[in-house]
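One chain, chain A, links the two complexes that follow: it is found with chain B in the first and with chain C in the second.
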Partner chain A sequence: MGFWNTMLAVDRRWIFLLVFLSLLIPMFLGVTFKLSISPEVQTLYDTLEQLPNGSTVLMTFDYDPPSAPELQPMADAAVKYAFKRDFKLIIMGLWPQGPLQAEISVREAMKDPEIQARNLEYGVDYVNLGFQAGNEFVIQRMGTDFREAFPRDIRGTDYSEVPLLKNTKNFSNVDFVFNFSAGYPGTVEWVQIAVDRFGVKLGAGNTAVQAPLAYPYLGAGQLVGLLGGMRGGAEFERLTGFKAKATTFMLSQTFAHAIVIVFVILGNIAYFVTRKKEQ
Partner chain B sequence: MRREIPLIITFVVGVAFVIQYFIPHSPFDRFEQLFSDWFFIIAACAIWLGALNLMKLSLIKIQKRRKDWQYAVVIVVSWLTMAIAGFAGGRDFQTPGTAFDWLYQYIYTPLSATMFAILAFFVASASYRAFRARNLQASLLLVAGFLVMMGRVLFDDILFGRLFENFQPLADVSNFIMNYPNMAGQRAIMIGIALGIVSTALRIILGIERSYLGGGD
Partner chain C sequence: MHFDLGVWIGAFLTLGIISFLYKDNPWYKICEAIFVGISAGYWIASLFWQNLVSKLYDNLAPAIVALFHGQIQYNLLYLVAGILGIMMLLRLIPQIGWISRWPLALVVGATAGLQFINYLVSNGVKQIYNTIVPVFGPVSDAGGIPPVATTGEGIGNVIILIGTFTGLVYFFFSKEHKGLFGGAAKVGTWFLMITFGASFGYTVMSRMSLLIGRIDFLVNDWIRGTFG
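Let's turn to the complex of A and B:
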C-alpha cells in the first residue's frame, strides 16, 4: 500500500488527536492578535454607542449551553457594556435555558470592579423576565404588552412590582433589542415580528452556522449589525474593551481551521492520486 | 363531524390571524390576544407532555429491559433530580445559589457544551473523508469554504499582521463571499420558502390540505 493509500485509510483517531492538540496548545500560548473589525460588527457597536446613557435595552437570550462557547463571550461583553453605559437592562429568553445563560453573563459582569462599584440593583437597573413558551407568539404579544407575555419575572415577582418595568409597556418603550440566537426561535423571528411589525431597532449575535442566514436581513437594514460566531464575539470584545474568552479562543479556532484545511487538501490529493493509479 | 369541526376551527383561527395582522385594531386585536393566550397554554402543556412522555418511555424501557436500558436509568435519575431541585426551590428556583442553579451551572452546562464540542472532531474527520473536488460545483464550494474559514479566523493577522497595517485580504474575500454570493443565495432560498409557506398555509386554512388531521385523506 502506497503513501497516499495509507493517507486515505488513516485512522480517524489521529485526526481527532491533531484537532485536540490544535485546540488545546494555543490556549496556553497566551498570544493575542489585533483583530480587524468587520463592517457588520462595527455598525452594531456604533448603534450602541449612539444610544444615550440610561437607555432601555432588551436582551434576549435564545440559546442553550451547547451554543454557549460561541455565544456566551459576546453576551458577557454585551452585558458588561450595558452596565458600563448605565443601560436599563431587560433580559428574557425564548429558549428555556436562555435566561439562565443570561444569569451567567450577569454574574460574570458583576466580577468587574468598575461594574461592582456602580452598586447595580436587581429590579432597578436590570431585570430577568425569564422564559416564556410560545416562540414568535411571545414576540407578537410583547408588541402589545410585555406584561401579558411575562406576568412575573424569573424570581416570581409580579411585573407591576418591578420598578424598572413601571414605565415599560411594550416595544415602544425599548430603545434597542439585542438578540443572541442559536436557531429557532431566534433572530429571524425577531426580525419578522419585532422589526417588521413593531419597528424595533435590532442587533444580533449568532452562531457561525446560523450567521449566513441573517445576512439578507443585514443587507436590507432590518438588522443594524451582526456578531457572527466566535470571530464576531472577539471583534465585539475588542471594540467594547472587555477582552475575554472569544479573543483567547480565536487562536485555537485558527489552528483547528488550519488542521481541517490541511486534511481536506491532503484527502483530495490522495483521492486524485489513487484514482489516477487505478485508471 | 370529527372532520368538519377541526376544519372549521382551522379556518376561523387562520382567517382571524391574517386579519388581525393587517388590521391591528379593535375588535380584531382581541382575536390575537385570545388565540395567543390559547397558544401559550397549549405550548406550556406541550412541554409537560414531552417531559412526561420521555419519563413514560424511559420507564417502559427499563421495565422491559430493552436494548441500552441503562441509559434510560440515567434519563430517569437526571429528570427526577432536576425536577426535585426545581420544585424544592420554590418560585425563585432559578436564582443564583439555589440547588437547581448549581446543577444547571456545573452539571448541565458543561455536559451539553461537551456533547456539542465533540462535533468539531467529527466534522474534521468527515471533511477529510468526504469533501472532494469531484466536479466544478464541488470545487467552487471547496474553495469558497476554505476562503471563508481562513477569513473568519486569524490567518490575515498571522501572515500579514506584522508586515502591513490593516492588510486583510482573506477577511475581505470572506466578507465579500458572505455579503454577495451568500446573501443572494439566502435571499433566493428565503423567498422560495416564504412562497411555499404562504401556499401551504392557504391550502390548510381553506381545507384543501388535510393531511395534518391524520387518517389518510
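Let's turn to the complex of A and C:
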C-alpha cells in the first residue's frame, strides 16, 4: 500500500488526537498574536464609541452554557465596556439560562478595580430583567411596553420599582441593543421585529455556526456590526482593551484549523492520486 | 489540594463524552443517559414554571376569583388558551386524539401568518433592496451600504449581481439546464458551493471553540483548580 493509500486509510482517531493536541499545547505556551480587525467588528465598536456616556443599552443574552466558550468572552468584554462608559445596562434573555450567563459577566466585570471604584448599584446602573418565555413574541411585546413583557426583574422586584426603568417604556427609550445569540430565538428574530418594525439600532455577537446567517443582515444595514464566534470575540476584546479568554484561545483555534486544513488538502490529493491510479 | 465535587463530576462527564471518539463504551453510555435525563427534567421543570404557572395560572387564577365576585376581567381570555392546551394533550387518548389537531392548526396558522410577514420584510424585501444597487456610481440610500466609491466595492457589487442571478437560475427547474442557461446554473452551483464552504468553515471554528471550552475546563478548573 502506497503513501496516498495509507493516507486514505488512516484511522480517524489519530486525527482526533492531533486536533486535541493542537488545541491543548498552545494553552501552555502563553503566546498571543496580533489580530486584524474585521470591518463588521470595527463598525460595531465604532457605533458603541459614538454613544454618549450614560446611554441606555439593552443586552440580550440568548444562549446557554453549551455556547458559552464562544459567546461568554465577548459578553464579558461588552459588559465591562458598558460599565466603563457608564451605560445604563438593561439585561434580559430569551433563553432560560441567558440571564444567568449575564450574571457571570456582571460578576466578572465587578472584579475589575476600575469598575469596582464606580460603586455601581443594581437597579440604578444596571438591571437584569431575567428570562421570559415566548420567543419572538416577547420582542413584539417589548415594542409596546417592556413592562408587559417583564412585569418583574430577576430578583422579583416590580418593574415600576426599579429606578433605572422609570423612564424606560419601550425600544424608543433604548439607544442600542446588543444581542448575544446561539440560535433560535436570537439575532434573526431581533432583526425581524426589533430592527425592521421598531427601528432599533442592533449589534450582534453570534456563534460561528450562526454567523453566516447573520451576514446578509449586515450587508443590508439591519445590523450595525457583528462578532462572529471566538474570532469576533477576540477582535472585540482587542478593541475594548479587555483581553481575556477569546484572545488566549485564538492560538489553539489557529493551530487546530491548520491541522484541519492540512488533512483536507492531504485527503483531496490522496483521493485524486489513487483515483487516477485506479483508472 | 482543593476538592470541588461539582468540578469532578463535570470532569467525569466531559471525559466520558469525549471517550466516544475512541470507541463506543459504557462510560459514554452512562454520560449520555445522564445528559438526556437531566435535559428532559430541566425542560419539564422550566416549561412548567415559565409557561403553565407564570403565563397561565398567574393570569387566570385572579381573573376566576374576580369572576366569583361578579367582575369580568380581560385575563379571563387565558381560559381559551388553557382549553386549547388541554385539547393539545388529548392526543394522548387515541379515541379522541383528533381533537388535538384544532389547537395545532391554530398554532401552525398563526405562526405561519406572523412569520410570513417577518420573513417577507426582513429576508425578502430588504435583501432584494440590498441587491439592487448601482454597480458603479454613488449609492444614496441602500440600507446602510456606503456610497460606492472604490473599484473594489464595485467589483463586489458585480459579484453579488452575478451570484444572485446565477443562483436563481440554478433553482429554476422549469427549463432544462442546457446551453447558456445550463452554464449560468453551473456558475450558480459554484456560488452555492462557496457559500456552503464558508458555512462549513464557520461550523468547524464553532466546534473547535466548544472543544477549547471543555479543554480549558479540564486543564484550568479541574487539574489546576484541584492540584494548584
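Keep this in mind: the second predicted complex is superposed on the first by the 279 of 279 C-alpha atoms of A that agree within 3 Å, B and C clash if a C-alpha of one lies under 4 Å from a C-alpha of the other, contacts with A are read in each partner's own complex, and residues count from 1 in each chain.
Throughout what follows, a residue touches a chain if its C-beta (ideal position, glycine included) is under 8 Å from a C-beta of that chain, and two chains touch if they have at least 3 such contacts.
Since this is a predicted model, take the numbers as computed values, not measurements.
A.B. asks: What's your read, chain B or chain C touching more residues of chain A?
C.D. replies: B
A.B. asks: Quick one: classify A:R231 as touching chain B (first), chain C (second), both or neither.
C.D. replies: both
A.B. asks: Contact-wise, after the overlay, does A:M27 reach chain B, chain C, both or neither (first, second, both, neither)?
C.D. replies: In the superposition, A:M27 contacts chain C only.
A.B. asks: Which partner chains sit in contact with A:D196 here, chain B, chain C, both or neither? Use first/second/both/neither.
C.D. replies: The second partner, chain C, only.
A.B. asks: Which holds for A:R141: it touches chain B only (first), chain C only (second), both, or neither?
C.D. replies: A:R141 sits against chain B, while chain C stays out of touch.
A.B. asks: Check the residue A:N268 against both partner chains and state whether it touches chain B (first), chain C (second), both, or neither.
C.D. replies: The first partner, chain B, only.
A.B. asks: Which holds for A:P212: it touches chain B only (first), chain C only (second), both, or neither?
C.D. replies: both
A.B. asks: Looking at A:P66 after the superposition, I want to know if it touches chain B, chain C, both of them or none. Which is it: first, second, both, neither?
C.D. replies: A:P66: touches chain B and chain C.
A.B. asks: Between chain B (first) and chain C (second), which does A:F249 come into contact with in this model arrangement: first, second, both, or neither?
C.D. replies: After superposing on A, A:F249 lies in contact with chain C but is clear of chain B.
A.B. asks: I'd like to know which partner A:L120 touches here: chain B for first, chain C for second, both or neither.
C.D. replies: After superposition on chain A, A:L120 lies in contact with neither partner.
A.B. asks: Using the superposition described at the top, list the residues of chain A that contact chain B and also contact chain C.
C.D. replies: Comparing the two interfaces on chain A, one with chain B and one with chain C, the shared residues are 16, 19-20, 23, 66-69, 96, 132-134, 208, 211-212, 216, 219, 228-229, 231, 253, 256-257, 260.
A.B. asks: Give every residue of chain C touching chain A within the complex, in rising order.
C.D. replies: It comes out as residues 21-22, 46-47, 50-51, 54-55, 118-119, 121-123, 126-127, 129-130, 142-145, 195, 198-199, 202-206, 208-216, 219.
A.B. asks: Which residues, counting only chain A, touch chain B once they are in their complex?
C.D. replies: Residues in contact with chain B: 10, 12, 15-16, 19-20, 23, 33-36, 38-39, 64-69, 96-97, 99-100, 103-104, 107, 130, 132-135, 137-138, 140-141, 144, 148-149, 152, 154-156, 197, 208, 211-213, 215-216, 218-219, 228-229, 231, 250-251, 253-254, 256-261, 263-264, 266-268, 271.
A.B. asks: Can you list the residues on chain A that touch chain C in the complex?
C.D. replies: Contacts found on chain A: 13, 16, 19-20, 23-24, 27, 66-70, 96, 131-134, 136, 188-189, 191-193, 195-196, 207-209, 211-212, 216-217, 219-222, 224, 228-231, 245, 249, 252-253, 256-257, 260.
A.B. asks: Please give the residue numbers of chain B that touch chain A in the complex, ascending.
C.D. replies: 21, 29, 32-33, 36, 39-40, 43-44, 46-47, 90-92, 94-96, 101, 104-105, 108-113, 115-117, 120-121, 123-125, 127-129, 131-133, 142, 146, 149-150, 152-158, 161, 166, 168, 171, 175, 178-179, 182-183, 186-187, 190
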